[in-house]
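Accompanying notes for the structure given below.
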């Protein structure tokens, strides 16, 4: 079975956000998939997808605090500055965390660990709504 | 063909470890797959999976030395500190390196390059055994 | 349908390079795939693959400028130095950006966003030609 759908994520503030429920709700065929893989791909280059802790929101805060300091907006050698000081750091974060993710599916559900959730990394100050393509392949 | 299995990795010390042989041994159906993909997903948020050099162990040492300095445990803005100073750095490393990996399969074997091996990044001081889901899809 | 092919990328200078057209040209069966996934895996441990902006070349410049400063070649704790000061930084960059990528396919084309392109990260001074395995799976 192959299913492909586009999911629209509402605009979010800069930082990391748990989107597992939105993704699962957006992939209607997930429940019929006994064994398979769900591939998620953001259609953007200044946001990211990653798997990390689904419990304490401080983990999401700290991840964002870390990446903001790792890639500040005022690096003197940055040339791509026309779109604002948050843009080039967002491109770097998108490539460090990645913009696509493949997840195991088992028994009609994501086979994630107890503490794993899907995070959207919004790396722009005003990134707006984000779109992703979800592709489900399985048996 | 679809095969899915869970592989249990023995507890390891903090650092990077070559696990190619353990993964291959854990995926019994690999030899029957002429062309396909093997997906690996850790069920944890403080360890990582990455492809890198399978020869000189110094590469694994240096990678760990680098990430320990990049994300030290005593960053003053970290809030998620209750689980110890190695925990939040482990979450960051897990997202920077990633916790899932998809590998090409050809002729019943991983189609990795001569120098490529699968690494487990153990980012906790005492992470304990780690579990991963291996999903093989192919023809 | 399953198709697997090896693509040879010409030698490039250190930095990030847009390779979308080369990849698409190298996967002849892409046009016949209505819905599917294209998996790309470099066979090297000192170069990387990532999705990022396909327009302004300054984004590629800035990404490289950033990673060169993040992982310089003269870190005193690096032990893997025999292959030159650009080698260990290249291994680190390969794992931070990743060496494999899975891309959604829709209607015979990559389902990438308007601004997304496939980048090769060449992290060595003289990396030479690079090989990748492209695996297309779809319906």
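For reference, chains read A, B and C in written order, and residue numbers begin at 1 within each chain.
Here is the rule we use: a residue touches a chain if its C-beta (ideal position, glycine included) is under 8 Å from a C-beta of that chain, and two chains touch if they have at least 3 such contacts.
Given the structure is predicted, the values throughout are model-derived calculations rather than measurements.
Participant: What topology does the chain contact graph adopt: line, ring, star, complete, or other?
Facilitator: complete
Participant: Could you label the chain A-chain B interface same or different, taking same to mean over half of its residue numbers are used by both chains?
Facilitator: different
Participant: On C-alpha atoms alone, could you tell me the rotation angle mapping chain B onto chain C? Nearest 5 degrees is fine.
Facilitator: 120
Participant: Report, in whole Å, the distance between the mean C-alpha point of chain A and the mean C-alpha point of chain B.
Facilitator: 20
Participant: Quick check: what residues of chain A touch more than one other chain, meaning two or more?
Facilitator: Correct list: 70, 96, 98, 102, 137.
Participant: For the complex, which residues does chain C have touching chain B?
Facilitator: 2, 4, 39, 41-45, 70-71, 75, 77-80, 88, 91-92, 94-96, 98-100, 102, 131, 133, 135, 137
Participant: Could you pull out which chain B residues touch chain C in their complex?
Facilitator: 35-37, 50-53, 56, 58-59, 61-63, 65-66, 69-70, 96-98, 101-104, 106, 111-116, 119, 137-139
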